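Chain naming follows the written order as A, B, C and D, and within any one chain the residues start at number 1.
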Amino acid sequence: MRNKLISMREAVAQYTWDGMQYAHGGALPVGTDSIAFGKEMLKQGRKDLNVISNCNTQQTNLMAAAGAIKRMEVGFAGLEVYGFANGLKRAVETGKTILEDYSNGSIPLRLLGGALNWPFVPATINIGSDEEWCCADRPDEYPCETKIPRIKDPYTGKECGAFSVLKPDLAAIHVTMADIYGNAIMLGTEWSRYELSRAAKKVVLQADFIVDTDCMRQYPNLVRIPDVVVDAVVYWPLGAWPQCSTGVYDSDEKEMFAMNAAL
Amino acid sequence: MRNKLISMREAVAQYTWDGMQYAHGGALPVGTDSIAFGKEMLKQGRKDLNVISNCNTQQTNLMAAAGAIKRMEVGFAGLEVYGFANGLKRAVETGKTILEDYSNGSIPLRLLGGALNWPFVPATINIGSDEEWCCADRPDEYPCETKIPRIKDPYTGKECGAFSVLKPDLAAIHVTMADIYGNAIMLGTEWSRYELSRAAKKVVLQADFIVDTDCMRQYPNLVRIPDVVVDAVVYWPLGAWPQCSTGVYDSDEKEMFAMNAAL
Amino acid sequence: MDYTRQEMMAIATGREFSDGELAIFGVGLSMLAGFWAQKNHAPNLIAFTEGGVFGSTPVGGLPWGIEDNRISANATSFTNAIDALGCLVASGRVDNAVIGAAQIDKFGNVNTTGIWSGETPWSAGRYVLPKVRLNGSGGANEISVGAKKYVIMVTHEKKRFADKVDYISSPGYLNGGNDREKHNFVGGGPAAIVTTLGILRPDPVTKEFILDSYFPFSSIEEIKENTGWDLKISPDVKVVPEPTELELANLREIDVTGSLRKK
Amino acid sequence: MDYTRQEMMAIATGREFSDGELAIFGVGLSMLAGFWAQKNHAPNLIAFTEGGVFGSTPVGGLPWGIEDNRISANATSFTNAIDALGCLVASGRVDNAVIGAAQIDKFGNVNTTGIWSGETPWSAGRYVLPKVRLNGSGGANEISVGAKKYVIMVTHEKKRFADKVDYISSPGYLNGGNDREKHNFVGGGPAAIVTTLGILRPDPVTKEFILDSYFPFSSIEEIKENTGWDLKISPDVKVVPEPTELELANLREIDVTGSLRKK
């Protein structure tokens, strides 16, 4: 097994490019996210990004404010109790970022479908509402027949929808701790990071702590991301700041407001 | 939150009945399974069971030998290195038990589909083989069009299959430790016990250890079965015997062979 | 008695919850209402978050997000988005829930996605950018589709109570009557709209929301003036009982930071 | 040199694995072959089990099942069946694997489900009970459909090498040629059949398995006699190099209980 520990600069240089489909993980808008990775992407000038975001976070808020996001698929675009995400909101309102709406439950199912290499995922959610009928990619078509096409359940003859699956070029995932081979423990809700780690073509972990593999062997059931799905590991303490990393640090209230106010 | 700890006798009396769709969990044929629960079902004379079994274990081997299984859906029918499951094998060969074949990957996906209340699950596996074409429920139809019907992927126009979903009446699940409310930790592979605990209409846990809820709060990420999906908890040390409970006891080689030889 | 409109609204919402229900709350006001119900009259109300945080009560103040340490610190189980929003909510298992709205129509359809100021994104035959981009669905779409029933909390203002919402983020009764049946939704639809002025409930046949009751500090006239459609009044319209001293005391113990007491 | 036919078979199978491959092994002979390859020439061969047991090597003897303590004791990660068989195998990520067979035909279709002795379950126009019921697919169906390539291990006997298998549990090349394409299988199909007598490989166009090489203790004649169809012989058929001293020493270190040395 290969030592996958590399620097943040190297990870971004090697695994990201302009115009790529980039996914970040990502436990809800205030939670643990690969914020440091996203900042390094901006430092290295990445642009025209096609972002897969279960929820917006301060990472995508910043990226959108910087004009780096061309298109984004999202379940939720805000910052929970911290309010609207100013950077993203303005990018959408001015037409700089195309925002394709799904919901918090459908993005993870589409990632699961990608992980399983399914042709589509049955949709009992998002149908019957404008998530189905209104398509940001094809905004002039209404109702849009191609965003969540209808299919017939062969067992009952009734209709449901069919979600397209997601296989991002890269997932940058924040984890609480990882070893140098990419075994990783996430404390707190996984949200959709488990599915994301299997759906993405490449996976880079950003870890608050690097621990010995022997630690992983103590509670293998906690290691929900095994090394086999991971390409690189970056050590970056407080990497989710100003958001929280469950069990380690809470969100930085002052910085959360200040950062959003500046975007 | 209600104290759900009851006796094995009570659990079986209250949650099982003749002719029910019964699922056991079940980490592969030699692993942790609710063997003690199954034995108590036989003691109470349950029969005509419709069993959902990701894999056969000594529980279903015994039940089939006792003539209690009318029908069983299964991914694997053996006992791994312990050989064929004699009781089940004879019940099938003599026509007492109808065995419907799937695979080890499709049974958990069908449980996941049940848990999500999907109309069907896309099938990229089991198709193109006799798991698709040969149906034990409708044995005279070949190729059978209704076991795994074909559907068209609306994105590519290509065909895949559609699995029916599973929602067993009851799942009896072996776990390493549980609290009296039904929060549970499984050490070792979950196999499909996580999906099963969400798919079944009722869930009874059989635990090697009963621990305080405060233990659950130490590693909530290990608690993959939360109390909300559990109806009853039974304390039964060594409940997977003669099979293994990962991290606690290994399979009892002598008894595994002796038991199978007797069936 | 001295209480704020926000407090009345939280208490009226909380009264919609019964003991023993399985419920999902969002952050902010919705979570306060839920935890108040649990403390006040529904000790066995079981709540979880859409991140799959189970068994916890907030510590150290109202959480900024449903994944932060304030709500994660004393959890018994952490799972994930597919589990919470898929296996428990979209599947139809959840008894009751609360969602918010930026805009709502007389059939309880909710818009949290964007404001097009009278235009719809597609109405001109061409897509137009939203005047105000909002947060999107989050997990509310799953609740609206799957929960047995749910409450919509919304500030009672004419611009929010629209004849037709600009975008349906979370479907209520769509065009009324049995219109939900077209999409095979498993959930029952919204049971109540609790506003800053009173409570609206759906007509059992037409599913149009009508004024059921109003708060002691409000009036039928004030509510009609602040509703963007010709609001029907229930023949037995009544005044909502004002908070009892005990109810208010319990609420203020939950609302430790006094967020509801700002007038 | 002194080695058994079983040892030759295990080594010939293990030689099919290359360094850096992601592989899945079953229990028994297949696991010995895989761990031998890892020890002998492929130190970066990464193996996991269909239960989602990652990072482990057997301790205390050959595991009785792929979930028991012998294979779980030093794991780095435990996940589940959907992860291992779905996200890693059926998805098309796995490079190489081993499956077994009770019966096999010239296109590499595998039967592990039942023996009908010449009849097929449906051939008489009516279902007939199997003469011998076998174990079913297990995880082999996922491997046959999803793995980039895989090896089939089977005892070379005429009754096992059938013109047509009674039941296709795991599809090889079906009726040959491009027949797999009809089902959109992501995997490449079987690369080799390693028997107790030699190695068969598919013709690149027709996909019919032909004799590629035979073991030092065997012969073309012996193999043809033990094959139930008219086996074609490769124009450059060769003798498989016998185990080297180092290969054999490495195998015997893995096979601590000597299970392969019984003649």
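Methods note: contacts are C-beta pairs under 8 Å (C-beta built on N, C-alpha and C of every residue); 3 or more make two chains touch, one makes a residue touch a chain.
Just so it is clear, the structure is predicted and the values come from calculations on it, not from any experiment.
Colleague: Between A-C and B-C, which chain pair is linked by more C-beta pairs in contact?
Modeller: So, comparing the two chain pairs, more contacts are at A-C.
Colleague: Which chain's C-alpha centroid is most distant from that of chain D?
Modeller: That would be chain C.
Colleague: Mind checking the centre-to-centre distance between chain C and chain D? Centres are C-alpha means, answer in whole Å.
Modeller: Inter-chain centre distance comes to 57 Å.
Colleague: Using the average of all C-alpha atoms in each chain as its centre, how far is it in Å between chain A and chain B?
Modeller: 34
Colleague: Chain A to chain C: how many Å between their CA centres?
Modeller: Each chain's C-alpha centroid was found; their separation is 27 Å.
Colleague: Counting only Cα atoms for the centres, state how far chain B is from chain C in Å.
Modeller: Here the centre of chain C sits 38 Å away from the centre of chain B.
Colleague: Among the residues of chain C, pick out those that touch two or more other chains and give their numbers.
Modeller: Each of 72, 78-79, 82, 86, 90, 146, 186 in chain C touches at least two other chains.
Colleague: Which parts of chain B, given as residue numbers and ranges, touch two or more other chains?
Modeller: 109, 116-117, 124, 158, 160, 187-188, 190, 221, 224
Colleague: Chain adjacency by touch: line, ring, star, complete or other shape?
Modeller: Drawn as a graph, the chains match no named shape, so other.
Colleague: Strictly by the criterion at the top, what is the full list of touching chain pairs?
Modeller: A-B, A-C, A-D, B-C, B-D
Colleague: Please name which positions on chain B make contact with chain D in the complex.
Modeller: Interface residues on chain B, with respect to chain D: 27-32, 54-55, 74-78, 80-82, 84, 88-89, 92-95, 99, 101-109, 112, 124-131, 134, 139-142, 158-160, 187-195, 244, 246-247, 249-251, 253, 256.
Colleague: With touch defined as at the start, can you tell me which chain B residues reach chain A in the complex?
Modeller: Of all residues in chain B, those touching chain A are 109, 113, 116-122, 124, 149-156, 158, 160, 162, 164, 185-188, 190, 219, 221-222, 224.
Colleague: Considering only the defined contacts, which chain C positions touch chain A in the complex?
Modeller: Residue positions touching the partner: 27-28, 49-53, 62-70, 72, 78-82, 85-86, 89-90, 113, 121-122, 125-127, 129-142, 144-146, 167-171, 174, 180, 182-186.
Colleague: Under the touch definition given earlier, write down the residues of chain A that touch chain D in their complex.
Modeller: Touch residues, chain A against chain D: 1-2, 115-117, 179, 183, 198, 213, 216-217, 220-221, 223-228.
Colleague: Which residues, counting only chain D, touch chain A once they are in their complex?
Modeller: Residues 22, 44, 46, 48, 54-55, 72, 74-79, 82-83, 86-88, 90-92, 146, 186.
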